[in-house]
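In this document, chain identifiers A, B, C and D correspond to the written order of the chains, with residue numbering beginning at 1 in each.
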Amino acid sequence: MSKDLIYQKGIVMIIVLKENPNPAELNSLRDWLRSLNLEVHYSQGSSTTLMGLIGDTSQIDLDMMKSLPVVDKALRIQDPFKKASIKFKPEPSVVKVDGVSFGDGSLPIIAGPCSIENESILMDVASSVKSNGAHMLRGGAFKPRTSPYSFQGMREKGLELLIAAKKKVGMPIVSEITEVSQIDLFEEVDLIQVGARNMQNFELLKELSKSKKPVLLKRSPAATIEELLMSAEYILNGGNENIILCERGIKTFETSTKNTLDISAIPVIKSKSHLPVIVDPSHGTGKNNLVIPMAMAAVAAGADGLMIEVHSAPHTALCDGPQALVPDEFAALSKKISNLKEHL
Amino acid sequence: MSKDLIYQKGIVMIIVLKENPNPAELNSLRDWLRSLNLEVHYSQGSSTTLMGLIGDTSQIDLDMMKSLPVVDKALRIQDPFKKASIKFKPEPSVVKVDGVSFGDGSLPIIAGPCSIENESILMDVASSVKSNGAHMLRGGAFKPRTSPYSFQGMREKGLELLIAAKKKVGMPIVSEITEVSQIDLFEEVDLIQVGARNMQNFELLKELSKSKKPVLLKRSPAATIEELLMSAEYILNGGNENIILCERGIKTFETSTKNTLDISAIPVIKSKSHLPVIVDPSHGTGKNNLVIPMAMAAVAAGADGLMIEVHSAPHTALCDGPQALVPDEFAALSKKISNLKEHL
Amino acid sequence: MSKDLIYQKGIVMIIVLKENPNPAELNSLRDWLRSLNLEVHYSQGSSTTLMGLIGDTSQIDLDMMKSLPVVDKALRIQDPFKKASIKFKPEPSVVKVDGVSFGDGSLPIIAGPCSIENESILMDVASSVKSNGAHMLRGGAFKPRTSPYSFQGMREKGLELLIAAKKKVGMPIVSEITEVSQIDLFEEVDLIQVGARNMQNFELLKELSKSKKPVLLKRSPAATIEELLMSAEYILNGGNENIILCERGIKTFETSTKNTLDISAIPVIKSKSHLPVIVDPSHGTGKNNLVIPMAMAAVAAGADGLMIEVHSAPHTALCDGPQALVPDEFAALSKKISNLKEHL
Amino acid sequence: MSKDLIYQKGIVMIIVLKENPNPAELNSLRDWLRSLNLEVHYSQGSSTTLMGLIGDTSQIDLDMMKSLPVVDKALRIQDPFKKASIKFKPEPSVVKVDGVSFGDGSLPIIAGPCSIENESILMDVASSVKSNGAHMLRGGAFKPRTSPYSFQGMREKGLELLIAAKKKVGMPIVSEITEVSQIDLFEEVDLIQVGARNMQNFELLKELSKSKKPVLLKRSPAATIEELLMSAEYILNGGNENIILCERGIKTFETSTKNTLDISAIPVIKSKSHLPVIVDPSHGTGKNNLVIPMAMAAVAAGADGLMIEVHSAPHTALCDGPQALVPDEFAALSKKISNLKEHL
């Protein structure tokens, strides 16, 4: 037993053992930890024994550790993510998407319809948002819908229309991927969106980590900020550093909004990670009258950009377009944001 | 059975009955509803029967209604609050607290220590925040603490110190009440705070409704916005219209903040009620590095004021003062907010 | 700096400091901790410094500690409650309420109407539940209702009826208190219920700690199990050991039940505390068809008793009686529970 | 305008319009609804207009409807799922997996390690659980892990070992799929598990709907019961009726358990759907000392089966095996469950 356990090198995880742990189980735990190349130090109190670990504990699942029969509590002293951490890279990352920069204070706005429905509506919206200050065009082709009876998106054909709009109007585009096998279809898409429901589709994340194509990673409504950063770590670990995070609301007991948009996630992420973070107030609230105030709040709290649904005729949209702003409302928002960012 | 049930007058609640309801129970429900002076209309579909109610349904508890053996679903068409509703009073209410106005766009800042600990610290903080732009002084005398072993506040003596500070520095004061029997002690307190843990202490709300003394009603971390407005309704219904609401975070699964500050509550409340709403980013986040960004977000989203903890020496505070800003940080916040509100 | 910090005596709290903490703030923290009679030990790693505390940390608020500018993380190694802890008293406490025992495996059932409405209904229900196996009679006189327009209970008159029923039928009674000033009225009430909304009404808890009168402490829908045990600690710390805990559902995003009944709270509480715990499946689910299966689940998981709403004519009840079981259903439940407890 | 809107045929959705809706938007909404082959009826009150819809509204997203600028509230009178509904098929479905039946009261237990690590451990556990009453063998080959640095499973090789164990020990097997492209590998797996993180991986659900291979669909920690049933609807709608649902805990603010196991989901699902539902208390609680009491609670509440992690040497497991029961504990659980189900 070491009397100076934490002193010399820096403990990275502390484990509080249960009283009177089974010695065989305890030895087995120690042996397993050593097999992970961790130094294990003990510290015996009057009624409690602590273990201090030195080394790389990133492969240890903290929930697993807490569930061990001999373990009472466990505390990770270093965050479980490494390449996403501000300690790994203290300066903010700037992600460039075909000339549009996220993370350098320029605060771009991504706008467009929730789902692509036909060419003329898409072109109308694209021209309209461009002339009103949007920097990128969004449009969903593969739509993950709660119900099998809801419109599932135009799929390949929708992507083709979006790519056509990109060329005609001259804005980089973003669209959502829902399956590994679709990756080839996204070659001309400038920013690939991983939607909230796929934030922990790790097979997809691993595939997206293999190229340098920028990824927009949306937070799942059930994910902690740490889990979001761990999903980003999958992409970073595979070699792709072009990641933009997106807050879009978490599930809570409140029913007057579809989700509770967690604005505090912005400064929290900035205190832990170098990655840029944008906000989607359309899905985050589910109410079109809340989009503008929440977009303002996001920018005032330090967001690196916004993602806004805009529709030329929201009441005829096939998808959740109806919660979208109409072009006039988007123009108003764009002006307000532009004014706000000059005075923060 | 009426064929034109909803047409003539306006249904205020719709009840979807279970299939094949027990006739005796159904009659009993109908008789009870009629005893509340409600008109009851039926509408028979192929497999589902609806009931439409006309009249004042505010005394009906919707959860109770949904739990009835013959009821499948129930929908309230009008909000359950009346005097707090924007339909009752469409123009925003302005609440004046000894010359400081909440709800008229002036956006006052309440600042001061979490708890009152001694005279010299209190006077220091009071002078400091006043000279840096605060409009009101806060300070806790009766402290509701999770643990019986934590400092419980200076109680009567604390209130006396706060009242002395008010006179010396010249700012209206706010402090928290925790029990009906304390009301007389609050005569010289300009704004009585009902803390989150007492938001549904209805005996206390009823007592506070009996005078015109302004009340700062904080949202419980477990309350929906509707429940907050129902608690305000208790005070309004008793005759006191001087109510300021305060958002201070809700309980969620996220662990990187103490609570999740629900910024969207601001525009939601403004769409439903005429009452002013302020935000407490100190308790809402529990992290002093999040106070400034979340204060900015609150103001950008339309808050009518802020409540900020400030402490002259946060690391020696007895209560949760340590999460407070120090005077320099408060001065910076005050300047940023002042600049921001000019450009919204 | 100590090299053997944790070895000799047993660290009870570990504090992970931020990198490069402000030395003045750090000294100030250390001085404050020492003023609480705590030994403070440091341990310097390559990038992280830990502080280990030895002594009684129960007066420290962990959220406050985490919010300190120099603190990154904090871990309590011992639970913050003392007298409620199984370490303080390893054998289960048995709370006797006028001959009915909670915590000894006898598994009593408390039954009766949600609110007392008139003498004849109360007497009917009382006789009925007694003959069907209930051990105690419940009935609400002071009703905390979300809406000021809902029935607020018969108050003093209701308590009188309940006491009359107790004498006539011969069962101990339980009723809810909502305000300190009501305590004298509860002299003949055998078990005083602190409702979920008052679980953190600490002034009330302190008053109830002054006698030996048994207290039924219901978990708030927003309280963690630790917070529930801290509220029990208030009562224990004042000298009253006769506490029965009650799980009745927590707030979650799920909407098909009023609350989510946290059955796992039963074994969790039993692993941390000696206090008996019962379950209220009526309020926990808000649906009368869920009462029986959830009562069964509670008993199978180890609950020390049940609290069930029963009404002779649920569809005419003024309060949330309608979610109550009718006497026949209660008789069925009582039989099922009786059979179940023989085979666990 | 129709005066007898709801009378004749059965309204399936009611829409409460905002006051003074924009007439063009209202007409546009009406036209869109009619384009979906819905009958639209109006009902004009003093201040509120209702719309009643007759027809098949399953393709309408309720959140989208609520977010429309002219819509205040919306209520679905029929559940959005059809083939999963108890109205579509009132008798309980029995799903047979190679001779093991779920939904007929036989209450099978699935047991085995969280992840497959090597042949000898797997064979040991398989033999052990079989001799102690398990009916099926579980084992993870493709492991969705929060961290890219955690063990990701043995993948193809793991599946091969599991299939070998099936043949040797003679128990049907279940394993988790994480990607559409893996389907061919699962030909000899008797029950394909869709894990909580993939519950809304709709591309995967659609693929699984194309065969008759039984699917174990786990509830996401962030999914409502309705969302779980909508995911089942994807599989049913594609033609595969062999679905077993699994409750395994939802995300809440409580921190003493990893998730909050929602036992009430069992009777709620049974009141809405004909599909069998089992419970996984290992992942639902994350604590091995809670597995037995929560397994008992699940069975007492009406679960159709259990899924239990068992490991021959939990303290050496590479995955979250450590939270698993050891064989002796599993034998005890198996006996308790067997006794319990005879006395419900």
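Everything that follows uses one rule, which is that a residue touches a chain if its C-beta (ideal position, glycine included) is under 8 Å from a C-beta of that chain, and two chains touch if they have at least 3 such contacts.
All figures in this text were calculated on a predicted structure; none of them were measured in a lab.
Note whether the interface between chain B and chain D is symmetric in residue numbering, meaning over half of all numbers used appear on both sides, and answer same or different.
Same residues, largely: of all residue numbers at this interface, over half are found in both copies.
More C-beta pairs touching across which pair, A-D or A-B?
When the contacts at A-D and A-B are counted, A-D has more.
Can you compute the centre-to-centre distance for chain B and chain D, using the mean CA position of each chain? Integer Å is fine.
38
Using the average of all C-alpha atoms in each chain as its centre, how far is it in Å between chain A and chain D?
It comes to 25 Å between the two C-alpha centres.
Could you state the distance in Å from the CA-based centre of chain A to that of chain B?
Distance between chain centres, rounded to whole Å: 32 Å.
Please output the residue numbers of chain A that touch at least 2 other chains, ranges allowed.
Answer for chain A, listing residues that touch two or more other chains: 222, 251-253, 255, 289.
Hey, which residues of chain C end up touching chain B in the complex?
Within the complex, chain C contacts chain B at residues 25, 28-29, 31-32, 58-61, 63-70, 80-82, 144-152, 178-181, 197-198, 200-204, 206, 220-222, 227, 230, 233-234, 237-238, 251, 258, 286-289, 313-316, 319-320, 322-323.
Along chain C, where are the residues that touch chain D in the complex?
Listed in rising order, the residues of chain C that touch chain D are 222, 224-226, 250, 252-257, 260-268, 271-272, 284-285, 289-290, 293-294, 296-302, 336, 339-340, 342-344.
Within their complex, state which residues of chain D touch chain B.
Residue positions touching the partner: 1, 3-7, 9-12, 14, 16, 43-48, 50, 73, 75, 77-78, 87, 251-253, 255.
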